[in-house]
Structure formats: C-alpha cells, structure tokens
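Below, chain A partners chain B and then partners chain C, in two separate complexes.
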Partner chain A sequence: MRIYNFLSKKVGELTIKYSNLPESYIKRSYEQVYWKNPKGYPQYPAAQIARKNYRFTTNRPWTMQFGRQNERTTQRKKVFLEPIGEWMYFKGDRVEILVGRDKGKQGIVSQVIQERNWVIVEGLNTHLRVVGKDKSFPGITVQSEAPLLVTTGVKLVDPETLKATDVEWRYTEEGEKVRVSTNSGRIIPIPKAAQETVDYKSRELYMENPDKDTTAAVANKITFAPKLQTFEMDIMESMGIKEDRTPATTYWY
Partner chain B sequence: MSKISSLINFIAKRNISLTTPCEGKRNFRKFVLANKRGSRIHKQQQMSPNRELEVDKRGVRDVGYYLNGRFVQVPEMIPELIVPDLKDCDLNPYVSYKAEDVIQSEFTAQQLFDAVYSKKIVTDFKQGKLDAEGLPLEPSDEEKLQPDEAIKRAKRTGSDIF
Partner chain C sequence: MNFLFNNILRNAAVISYRSHNSLKLYITAIQNITYIHTTSKHNNLMDFFDNKKNWNETNIRVGRAWRLDELRIKSNTDLHKLWYVLLKERNMLFTMEHECNRKVRLFPNPERIDKVEESMNNIETVVRERNTAYYTLETGETGERPVEDVVNLFGLPEKYPKNEYIIPKFMNTRWVKSYLEHGYINSLAVKKFYRLYQEKLRSIKRNERNRNFNHVQHLLKRFPDMDLEKLQAEYPEVDLEKAKRTKKARGHFLPKY
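Let's look at the complex of A and B:
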C-alpha cells in the first residue's frame, strides 16, 4: 500500500510546499472526474472514473494554463520518468550543467519541478522566443530558460572545491539530516531561498495583514484551562445557558 | 458515455446471497429512488400507507413527530445556533505564517487528574487532612462528585454523545 501511495502521488512535495495551498485543493483543481458514485448510500462503493494521465509541464497544476494543456479531448504521449529516491535539488542551489550549450557552466536553481524531475537554472540553457508578434509589429525577443533533468542534466557544486560533485543524504551527530558532498565530505547547506513560497520569501519576513491574519503572538497564546467539564458544559457555562432537566436513563441490550 | 458506463463494471464487487431470491427485484435496489423518482405506479404506491421505501429527507433532521396522523412540533428538536459575540476577539480568519507550528500531544485523563485534584491532595497530605484510607476529611466540590452525577451533568447539555 505504501508503494502504491508513493507511485500514485503525482504532484511533488516541493510543489505543494511552494504553492502554500492544501494538498486536497491542488488535487481537486487539476483532476478531471467524469463520474463519482453518490455518497451516503451503502449499495455504492466509493468509486470514481477520472482521467489517469496528465502532462505535467512548467505550468503549475493549479493554474488555468495547466488545465488548457490537459484539455479533456487531448491525450499526449506518456513521459517516462526515472524514479528518484530522495530529492536533492532545491531552489537557490548552485549547480553545474552537464549537457547542452552551457555545459560546464554553473548557475543558481530558480525553480524546481518535481513532477518531471526538472530544475530551471537561472539564465542558463536558454533559447530565444519571440513574443507579441503581429502584422504591424515584429515582436520582442526574450530569452527563456529550458528545464534540465536532475538525473543527467545537472550536478550540485561542492562549496569547497567549486566543482561538480555527487551528493548523499547523511545524518550529523545531532541527528540532523544534511547533504554531504562525496568528494570533499563537506556539508552542502540547504539555501534560504528554498523556503520561499508564493506568499513569502521566508517565514520570518512575512508581512502580517492586520485585518485578516491572526498575529503570531495571539496564535501561540495558550488559552486552554483544564476543567472537570465536557466541552458542551463549558460552552453553556460561558454563554450563561442554564438547564436542569436530565434525560431519562437509557439502556443497551 | 457508453464507454464510461462499461468501465464501471470493472470495479470488483463480489456478493453471496444467503437469503431466498428477491423476486427479481434485486438489481433495482441499486439505484437511488429518492422521493420524486420512479414510475407513476411506484409513486402512487409510495403515497399509500404501505410504502416500500423510506422518505429520503436528504440529511435534514425532523423537528417533531407524527401522532395519530398529525405532526407534533417539539421546540427542543429545532436546532438553535448560538453565535458568540466576536467584538473583542483577537482571532482573525487566517493565521500568520510567522506563528510557529505547534505540535501538541493528546490531553490525557491523568493530566486532567493532575490539574484538578493533585494540588489539593498534596496540601491535604501535608496538613494531615487525609484519613486512614487516604480520603479527604474536608472534600472539595470536585472530590465530592460521584460518577452518576457527573454523567447526569454531561447529559443535561442535551448532547447525545454521552
């Protein structure tokens, strides 16, 4: 069952973390369910018929662009992915490119797309793209980065030797999980940029909205006081509701 | 659509019937025949006193009961929503990302006992207010409380989960 859960999970963990959306919402937003058995009737199993294969691209699964690329009528060829044990690459990592025009160059990871084992490296592995071309306007040429496979396309850079290296997950003596370069044995720390989500750069830098957000100080305050009462009794007491009728005793046979 | 309906048959369902055959009605139990669905004959039968299926109330609870063909409304059965006054409430719809993640263990019966009784027991012990069996000579309200009285108090809320 665990293996099945792992394999059936389509959207990557880092993608969910970056979006700051509930996992169930993301699933609901990209799924195409054609038929669902009615709920609450014992004769129906909880079965559903839905589209099975989606093409994940650089468009995030909860966006409209993703929906347009996966129209109900279109079926695209299956993309085979190499299974990856533990993910190594995070936003803000320095990596060396192993393939293509920019082979041997180093850059910073600007985006991670786990669904396709992709990373996008800032300003490298680019092509030119003409935007806004019209009959009367020749368009603007922009540089756009192509994604790179983490299995063959990139390698992390050792912070000591500044050369590409293989990396392992290991534990420190304090029990902390760290990435270690196999060449020099140095720890490669996970960059601060990896904490970034659509809502903030890092948790400490988040700007609280006084109208909508419960501030951290209020949220962390403990207001629970143990009492010899049930929840309902506590509510009745605080709302000043008095009731002295007791229901008749009931028996189970 | 034909393709979809044939797909649903692939979902494995295995049944063994140990009762007598259901006079050929077996398959038709599968469909949800809520109040307005079905043929004219079926609906006429549903309107007669010996109806075949229960009334589908769509999850809505009754606010009374039928007595000799007449509906008797019970005020206690009408749900009442009590909304607290949120004038001076500090809480807002969302929680700031700055707030730390709180991972809390379950509040156990022993912790409740410690919070309610333990302090009194310790002071009683030091002042020698416990008898030979360890019971308090001057019991507090919580210590006087007996199990049957506690259950009665919980049931007085009208909640049916106890």
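Let's look at the complex of A and C:
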C-alpha cells in the first residue's frame, strides 16, 4: 500500500489530464509488479514486490517506449527534482528561453512533462538527430527539441510588455484562480491549447462514438425524482415484483 | 439474465426427458428464450463479442467514464438499466481481451475496462447513498453492514465486519467467541509481537526521516539558489539550517570565508 501511494504521486496531474485515460489504467500500464500476496487470506499481509524507481522522460508513462526504457534489468541514477510549489506552465504558453543557444528567444510550449519539471518549446533549443542510419543509407537528419527546466530554463512572457516575467497564482474578486505577472500585474490567461488531450484538441470538438458513447443530451437529462424508497424497493415496484413476507429477526455479531 | 437462461434450459431439459415428443418441446423452449432479452439486439452468445466491424480496428475511441454527479440525476430505473449495459460491456471487453491474447493480437484501448469499472463503482456509490439516506430518515441507522473496532489475535486494531445470524450470540455455540473475546491479548507472545511490530514501524519512520534529510542535502548541493520555503513545504520535518551546514550539502567549491 505504501509503495502504491508512492507511485501514484509521481505521475503529474497534467500528464493524466493530457492522456485522457483513467488514473487506474495509467497506473497499471506503467507499474511493474513482480509479486503480490494473494488477497483474502489472513496469514498474508498486503505486500507486493514492485519496481520502485522509474525514469520518467519525454516518453509518456502509458507508452511502450516507457516500458522499454524501464526494463526490469535497467537501473538508472536518481533524478533530483527541485521543489517548485504550484505548477505554472501549460501547453500553448508563450515563454522566453533563458539558457542555451536560443537564449532570449520566445516560443510556444508544445509539451509539458511535469514528472521532470520540463517543458518543450516548439522549434527552439533543438539539436540534430540522425534517424535510420544504415550501412547503405546515410540516414535522415531531423531537428528535435530538447526539454527545458521550468526553474532555470524558461520564464513566462508578460502579455503587456512582451518580456519575460515572474508569475504567481492569485485569486480574482470572483474567486477565480489566475496567473498574474508580477511585473505589470496583468493576468496571463491559461491558453486554449492546455485543454488539448490525446483524443481531442478541445472539449467541444470531441466527436462522440455513436456505437459506444452515451450522447451528451441523454447523459445530462434529469430523470431523478425523489421517493421515500430504497433503490431495491423502487426497482421491485417498477418491475411489478411484490414481496409481502416479513423477514425473520436476525442478529448481527 | 444468465440465471434465467440457465433455468429455462434446465427446465427444458427436464421436460424433454419426461415427455414423449421431447424434441418439439425442447425447441419451443429454446424459441421462448428470445423473449427474455430486454435489449433490442439479441445475438445470443455473440453478445459476448464486440461488433464484427470493430474486430480489426486498432483504435476504438470512446468517451470517459460516468461521473458521480451525472449518475445522481438519474432515476433508479435508469441506473439499473445502465448497470446491465455496463456489465454486458465489461463482459464483452474481457472476452475480447481474452480472445486477443489467444490470437496473439493487441487488444485495442484496454483503458475501456477501467472506464467501465469506474462507472460501475460510481453507480454502486450512488445507489448506496440513496439507500443510506432512506434508512437514516426512516430508522435512524445507515442500513449498512455494521463494522466494529476490535483488537485482533495479534493485538492490533482491526475493523471487524459483523455477520448476520438467525440465532442470538449466547445461543450460538458454533460461533467462535474466542476470536474476539480471547484471553490472548495480554499474553506474553502477543505483547512481544506488539513490541517488535512497533519497533518495525518506528524504524520505517526513522528511515524515511533519514532518507528525506539526505535527499534535502543533495537538493541543496544541486540547486543552491532554490526557494527554501517551497523546500520546507515539501519536507516539513527536515531541519533546513542543519541540512545546510552539513558537508554533503556544500558542493565542490571553496567556501568564501
């Protein structure tokens, strides 16, 4: 149980949101449990043998690549993560790069990897990578973006001055939680692209699967009418099942 | 549904055994089975499989699970129906998963099983809420299975879910009274076990404390300009001043003083 809680803390909230998968599925897809004591026997404690340390990279936890990177035999060095408090960076944010070759340039966040305090900025901080090199084929060179640390690598851009700024979370008078630039005091809205998941770009654009999904109209329809009945009584009444027998007194101990 | 199906089959078998024109009766009984289906489509055993057009799909995209708030606005009948829709879906998914494993194929979108199970759990929660509300209003009790806090054989606290019996406790000679009211709690063996168990718990706690202290030292070495308030918020038990003074937290450079 202890190990389980420990694991669940590791995958970031935004990662789960982006995947659009149930949390339980993400857990069971990346977890490596080698042994679990059988349930329901008093002589066995609820113990399990599982991998404790996973290396989170740009490969998302539910993918096959993640599993391959965390094979049973591989053990990698511990990654130290700077505690950063509340997360500030979302997909679609405009950020300025503070380190590396593209220092001073501004770009759009294309990926957020919360497990490592990383963001990937579109088309910036890149390196060249040779793909598919063979004896007979020289390979194709592609540009790939390297992740940047949110603590030292990037800063959000103030929409007023268009310059890098520190940001903090505050509440508006309506009680809404917003990001506010400390330089100009302007609200930096969370971009629409932050809603994007693996399945859809934004919530409204989700295409219902007519075979499997309940349509929104049916799901939102209110059919509940309060009655002084238990669930079972109501179902029996609607199905015309009559039960007049009184149950014998029983004892709970 | 399955139960009904079995029942009719069994009855049909009995009738056919007894009567002379057995085959005819058996066939009529089989034909009657179709009346039991409440769903519009009835493919008999093929209900355990997905639609044939989905068999070669690699990605079957579906929406999310039902949430509690969405189920709370539904009537009992709707919940009852939805439960069976989900149950059929879950059976179908398990069958398809098994079949895919058998044929050494990739089962598309296995997260569907989790979505269905989450929905079913939510339905159970909502039904339980409604029943608890009814019973608390009518009888003043929740109507849930009573649970007692007891000290078990090992001297550890345990939740004991009570069982239902038709005779009272004092009459029931077969109920092992000693399970709960035994004289072992104060025995030497239980006391020794309890002492060692507490020692184990203490050592787990101490190890965690030491591990956190060590981790904080490493963090201080790696990120000297770190926000200490956030660090303290994450590791509230660690003494940061003490951690900063240690050799491990210093890093590889000459001190300025």
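Operating definition for what follows: the second predicted complex is superposed on the first by the 242 of 253 C-alpha atoms of A that agree within 3 Å, B and C clash if a C-alpha of one lies under 4 Å from a C-alpha of the other, contacts with A are read in each partner's own complex, and residues count from 1 in each chain.
FYI, contacts are C-beta pairs under 8 Å (C-beta built on N, C-alpha and C of every residue); 3 or more make two chains touch, one makes a residue touch a chain.
Please read all numbers here as calculations on a predicted model, not as lab measurements.
Trainee: When the two structures are overlaid on chain A, which partner does A:Val119 contact: first (chain B), second (chain C), both, or neither?
Mentor: In the superposition, A:Val119 touches no partner, neither chain B nor chain C.
Trainee: Does chain B (first) or chain C (second) touch A:Ala219, or do both, or does neither?
Mentor: In the superposition, A:Ala219 contacts both chain B and chain C.
Trainee: In the overlay, answer first, second, both or neither for which of chain B and chain C A:Val167 touches.
Mentor: neither
Trainee: Once the structures are superposed on A, label A:Ser24 by its partner contacts, choosing first (chain B), second (chain C), both or neither.
Mentor: A:Ser24: touches chain C, not chain B.
Trainee: Quick check on the superposed pair: does A:Ile188 touch chain B, chain C, both, or neither? Answer first, second, both or neither.
Mentor: Once the two structures are laid over each other on A, A:Ile188 reaches no partner at all.
Trainee: One more residue to check, A:Glu243. First (chain B), second (chain C), both or neither?
Mentor: A:Glu243 sits against chain B, while chain C stays out of touch.
Trainee: Check the residue A:Leu156 against both partner chains and state whether it touches chain B (first), chain C (second), both, or neither.
Mentor: Neither chain B nor chain C is touched by A:Leu156.
Trainee: Looking at the overlay, does A:Tyr34 come into contact with chain B only (first), chain C only (second), both, or neither?
Mentor: A:Tyr34 contacts chain B only, not chain C.
Trainee: Would you check which partner chain A:Gln43 touches, where first means chain B only, second means chain C only, and both and neither mean what they say?
Mentor: Only chain B is touched by A:Gln43; chain C is not.
Trainee: Common interface residues of chain A with chain B and chain C?
Mentor: Residues 199, 206, 208-209, 211-214, 219-220, 228, 230, 232, 235, which sit in both footprints.
Trainee: Within the complex, which stretch of chain A touches chain B?
Mentor: By the definition above, chain A touches chain B via 34-35, 38, 40-41, 43, 45, 47, 49, 199-200, 203-204, 206, 208-209, 211-216, 218-220, 226-228, 230, 232-233, 235-236, 239, 241, 243-247.
Trainee: If we count contacts the way the header does, which residues on chain C are in touch with chain A in the complex?
Mentor: On the chain C side, the touching residues are 51, 54, 60-66, 70, 72-80, 110-111, 113-115, 117-118, 127, 130-131, 134-135, 137-138, 143, 146, 162-169, 175, 215, 218-219, 222-223, 226-227, 230-231, 233-234.
Trainee: Flag every residue of chain B that touches chain A in the complex, lowest number first.
Mentor: 4, 7-8, 11, 13, 29-30, 32, 59, 82, 84, 90-100, 102, 107, 111-112, 115-116, 142, 145, 150, 152-159, 162
Trainee: Report the residues of chain A in contact with chain C in the complex, numbered from low to high.
Mentor: Per the touch definition, chain A meets chain C at residues 20-22, 24-25, 28-29, 80, 82-85, 151, 199, 206, 208-209, 211-214, 219-225, 228-232, 234-235, 238, 248, 250-253.
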